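Two complexes, one shared chain (subunit A), two partners (subunit B, subunit C).
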Partner chain A sequence: MAITEQKNRNSYGLLNSLRAAVWLEWQTRGNWTNPWLFTLYILGKPISAALVLVFMYQIVSGGRSNPTILGYLIVGSATWAFVDTVMGEFPRTVLSDREEYAMLKYVYIAPHRFITFLIGRATPRILMAAVAFTVTLSIGVVFLKIPIHIVSVNYLLLLVTMLIGFVSLIGFGVAFAGLALVLKRGAWDMSTAISGALYLVTGAIFPITILPGFLRDISLVIPLTYWIELTRRSVLGYSSPGMPSSWAVTLLIQIITTILVTTIAVIAYYICEHFAKERGQLDRATGN
Partner chain B sequence: MTAAHMHADSPAIQTIDVRRVYKSRSGFTFGGQKAGKSVTALDGVSLTIQKGELFGLLGRNGAGKTTLIKILTTLLAPTSGEAYVDGLDVNKYVIPIRKKIAMVSGGEQSGYGILTVREQLWMFAQFYGVPSQAAHKKIDQLLEAVGLGDQANQKVYALSTGMRQRMNLCRALVSDPEILFLDEPTVGLDVEASRIVRNYVRSWMQEQRGRTVLLTTHYMFEADELCDRVAIINHGQIVAQGETDDLKKGLQEHARFQFELAEWAPAFEEELKQSRGVVSAQSMHQKGKVSVQIALENEEYITSAMQTISSAGGHVLTLRRIEPTLEEVFMRLVGTADDEKSAGEDEEK
Partner chain C sequence: MEPAQQQNLKTSQWRESLRLGWRTLIGRAYPRIVSAAREPDWVFYEVALPVLQVIAFGFVYKSLGRPQYTGFVVLGGAMLAFWTNVLWSMAGQLHWERQTGNLELYLMAPSSMLWILAGMAFGGMVATLFRSIVILLIGSLIFGVTYQIVSAPLLILIFILTMVALYGLGSMLSSLYLMYNREVWAIQEVMQDPISLITGFYFPVRALGGIIGGLASVIPLTLGLDGMRQMLFPQLGQSFLPPGIEIAILGVLALLFLVGASWSLTYIEKLAKIEGRLSLKWQ
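Right after this comes the complex of A and B.
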C-alpha cells in the first residue's frame, strides 16, 4: 500500500518535474514586461545573421543574386536559429543555475534525473526559435523573393524532420551540459566553439560539396546536416548538392544518425556527470 | 529501492570508514587549483545517527563537514568506505535516497531571483511530486512558521539574506523530508533570523516522531542548544562523539569546584592539598575575597575538602561546581584556532 503510493508519487513527480522546469525557463527568460523587447530578444540574432549572409552574398554576386542561392542561405540560416537557441540553452542552464542562482545542487538532489530538468529548461526555447524561424522565412519571401510557395511546402515532411531534428538538438545539448558540469569556466567557450564548427560543416550556409574530404565525411555523420537539408527540401522543394536525391533516404539517414548521435551524447553526459560527482564539481562556482 | 533495503530499524544515517580525497589533476581543471595537489577532506569517518535524532557535527572551517553532507546527499562520491541513508547505499540508491532527504546550506545567496518566494517553493514541491494544492497549503504553513507570511509574493531577489535563508529552510521542508541536512544554516545571519531558524528546526523535529536532522556548525552554543548528540570533526577525523552532557563530563577527569572564602585562613591551601582525594588546589585574592579552585578525584570528596577548610579556619561563602561548556570540550579536543591555517582556507571564497 505504502509502496504503491510511493510509486505513483514517483512517476507523477517526473512529469511534474519536466513541467516545472519548462515553467521555470519561461519565468526566468521569457518573463519580459515589455513585449517589444522580448520580440527583439527572440528575433534579433537570427534575423540579423540571415541578413548579414544575404548582404555578403549580394556584394559577392555583384547584385545579380540568384533566388535559388538566396533561398538556400535564408532557409539554412533560419533553421540554425533552433541550434543556437535550443542547444546552447543546455550549458547555459548549468552555468546560470550553478553560478548565478546557486541552485544547481538543490535541483540536482531532487528525486528526478537532472537530465529531465535540463530538457525541460530547453523546451520553451523550441517555441521561441520557431517564431524566429517563421519570421526569418517570411522576410525572405516578402523582401528577397526567395522561392517559397505556401501551398507547395511539404508540411508533413517539415514537421517530421523538425521533430527528429529537435531530438538531435537535445542530444547535442545534453552532451554540452555534461561538459559544462566538468569544465567549469571553459564550458561556455567550448560549446560556442563546437556549435560554430557545426555551422560550417552541416551545410547551413554552403553545400557540403565544397568542404575538403575529411570534413565532408564528418558532416555526413551529423544528423543536423540531414535535418537542415530536409527542412530546405520541404520548404523550397529542391535538394542540395552532395545530398541523396530521395527525400525518403535522407530521412532514413537522419533517423539513424540521430539515434546514434543522441545515444552517444546521453552516454557522454552520464560519463561527465559521473566525473563531476566523483570530483566534487557539482556545486562549485567557477571561481573556486 | 527494494523492500529488503528499507528496514524500519535501520539508522537514519550510517557511515563506515568514509574517506574522501580531493585531487586536482592538471590538464583537465580550468579552475584555479594547483596541479597535483590532493586534500584529504575525510579520513575514515564512522558515524551512526538514529532516526529521531538531532545530531550535530562540529568542526572548524575546512574540517570536512560539508564534504560529509555532500556525500550523504548524493552530490559527491566517497573515495572509499560506505555510507548509508536510511539503510540505502549512497552509491547505489540515489533516487530513493533523494526522495527522503533535503538540504539547506548557509552562507550563500541562492534562489531563482526572478521567481516569487511562493513560486520557488511551489517549483520544488513539483520536483518532489507534491500535488499543487497540497503544496500551496504547505507553503503557507511553512512561510507563516518562519515569519515570511508577508513575503510569499515577493520576488526572491528582493529578500534579505536572513529572509532568503528562511525561505531556503521552507524549500527544504516543502517536500516533507525524513532526513534533513543543515550545513551551517545560520552562518552569516543576524541574531533574530538565527533564532527563528533554530526554533523552527526544533519544532519541526517535535512535530512528528522519527524525523532526523544532521546539523553542521562551528557555533558551539548552537549545537549545545539544539543537539542531543554531537560529533566533533577535525582534519577529516571524528575526534569525539556522544551526548553533549557525556562529552562535557568526559572532559573532566576531575570534578572541579570553586569556593569563595570570607577571608584568608592560614595554611588552608597546603592542608587542602594534603587532604584525601584532592588533585590540585589554587587560591587567589580577589577584591578582598579569596577564591579557591580545587579539582577532586571524585565529587564525593567535596565534604572532606569543606571540613579541611573549616578546620583551617576558613569560612565558605559560596560553593559552585565548574561545568565545562561544549566550547571547552571542543577547544580541548581540537586545539586553538592558530593550528588551523593549513586546513582548506581556499574553500568558500
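Right after this comes the complex of A and C.
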C-alpha cells in the first residue's frame, strides 16, 4: 500500500515538474509577442534553410528541377528542424537560467529531478518544430511539386521513427546541458556548432555515400542518420543510397543506436553535473 | 582670453577627446582579441565545427555533380563568420551588457558610446578575420578550390567597404535593441537564417531574381559577397550587378549605417532614459 502511494506521489510529482517546466518555457520564450510574429519566429528558420537548398539546386540544374531530388532535400531539411529547434534548447535553458536570469540554483534545489525540468522546457520546442516540419513539407508539395502523396505516406512508420527520434534528441540535449554546466566561454556556441557538425554526417541534405570513409563510419553510429532516413522513406517512399534496403532493419538500428547514445548521454550528464557541483559552477555566472 | 589662447584650448580639448576615444576603442577591443588567446576553446566551437557545416553545403554541390560551385560555399562560410559576429557580438551586445549590469558603467564613462561601439567592432572584426581566414583555408584545401583573382585592389576595397557597412549596421541595431528585452534573442534568431538565404551565402544572389536581390542589397553582405565572388570566380559567372555599381552602393551603405548608428544611439539612448529601459533587466 505504502509503495503504491509512493509510486503515485512520484508520478504525480513528475507530471507536475513537467507541466511547470512547459509552462515556464512558454512564459519565458513564447509570450513576448503577438501570435503572427511568433509564427514567423517558428517558421522563419526551417523554411529559409530548406529554400537555401532549393536555390542551390536551381543554380546547379539551370532551372530544370527534378522533384525526386527536391523531395530528398526538402524532407531532410524539414526533419532537421527538430534537431535545430530542440537540441539547442537544453544547454540554452541552463545558460539563460544561470547567466541571464540567475535562477539556476533555485531551480536546481527545487524538489524535482533537473533532467525532468530540462525535458519539460524542451517539450514546447518539439511542438514548434512539428509545425515547422509540416509547413515546410506543405510548401514543398504545393510550390515545388515534391512527390509526397498524402494517401501513400506510411504514417505508422513516421510516428514510430519520430518518437524514437525525439528520444535520441533528448539524449543529445541532456548531454549538451551537462556540458553547458561545466563549460564557460564556448557554452553558448556549443550546441549550434555540434548541430552543424551533425548536419554534415547524418545525411540530412546529401547521401552519406558521398562522405569520406571515416565520416561515413561515424554517420552509421548516429541515430539521427536512421531517423532522417526513415522519415524520408515513410514520406517519399524510397530509400537513400548507403542505407539498409529494409525499413525494419533500419528501424532496429535506429532503436539500438538511440538506446546506446541516450545511455551514454545521461551518464555524461551526471559526470558533468558532478564536476559542476564540485567546482561550484551551478550558480557561477561566467559573464559570457 | 586671447583668440590664440582660445584656439590652443580648443585644440587641446579636441586632442584630449581624441586620445580618450582612442583609448576607449583599444580598451573595448582588447578583451575581444585577448580573450581569444587566453581561452582557446573557441577554436573548436567557432572554427572547427563551423567548418564542418561549410563542408556539408560543399558536399551538396558535390552530390549534385557541380563541385566547381564549392568555392561559393567556402567564401560564403568565411563571410558568415562576420555576419554571426555582427549579429550576436555587435547588434545584441548592448542588450547583453544591460543584462549583466555593464551598460550603466558604459554610460557613466567619460567617453562617447560611439567609441565603445567602434572598439567592439574593431575587436570583433580582428578576431573574426582570423576565424574567417582559417575557414577559407581549410574549406579551400578540402574541396581543392581554385581562385582566379581578377583585381586584388578591387577585392580588398569591396571587402573593406562590406566590413565598414556591416559593422555600421551592427552598431545601429545594437542601439535599437535597447528598446527591447526578451524579444532580442528571438529577433536575432529570426534574422539569422532568412538573411543567410536572401544574401546568398551559399549560392549567387542572382538566383533570387532582381526584386528580392535588390531588396536584399540593403544588407551589405549581399553585394559584398557578390562582388568578391566576381573578383575570385570570374569563370563561374552568375553575377548580380557590375562590380563598379556594387562598390558605389556599398560606399553609400557604409556612410548611411555609420551616420544612422550615431543618430540612433543618441536618439534611443535618450528615449530609453525617458522610458527607464537602460537598466531594465529580465523583462
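Definition applied: the second predicted complex is superposed on the first by the 274 of 288 C-alpha atoms of A that agree within 3 Å, B and C clash if a C-alpha of one lies under 4 Å from a C-alpha of the other, contacts with A are read in each partner's own complex, and residues count from 1 in each chain.
The rule is short, and it goes like this: contacts are C-beta pairs under 8 Å (C-beta built on N, C-alpha and C of every residue); 3 or more make two chains touch, one makes a residue touch a chain.
Nothing here was measured: the structure is a model prediction, and the numbers come from that model.
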Partner chain in contact with A:Ile205 - subunit B first, subunit C second, else both or neither: second
Which superposed partner A:Gly186 touches (first subunit B, second subunit C, both, neither): both
Touched partner set for A:Lys277, first subunit B, second subunit C, both or neither: first
First (subunit B), second (subunit C), both or neither touched by A:Ser17: first
Partner chain(s) touched by A:Ala110 [first = subunit B, second = subunit C, both, neither]: first
Subunit B versus subunit C as contact partner of A:Thr28, first or second or both or neither: both
Touched partner set for A:Ser48, first subunit B, second subunit C, both or neither: second
First (subunit B), second (subunit C), both or neither touched by A:Tyr101: both
Common interface residues of subunit A - those touching subunit B in one complex and subunit C in the other: 28, 101, 183-186, 287
Contacting residues of subunit A [partner subunit C, same complex]: 28-29, 32-33, 40-41, 44-45, 48-49, 51-53, 55-61, 69, 73, 99-101, 183-186, 189-190, 193-194, 196-197, 199-200, 204-207, 210-211, 285, 287
Subunit A-touching residues of subunit B, taken from the complex the two chains share: 3, 22-23, 28-32, 67, 70, 73-77, 95-96, 98-99, 101, 103, 105, 108-115, 119, 123-124, 126-129, 131, 171, 346-347, 349
Sites on subunit A touched by subunit B in the complex: 3, 6, 9-10, 12-14, 16-17, 19-20, 23-24, 27-28, 31, 101-103, 105-113, 117, 182-186, 277-280, 282-284, 286-288
Subunit C - residues contacting subunit A, complex: 35, 39, 41-42, 44-46, 48-50, 52-53, 55-57, 59-66, 69, 99-100, 181-183, 186, 189-190, 192-194, 196-197, 200-204, 207-208, 238, 282
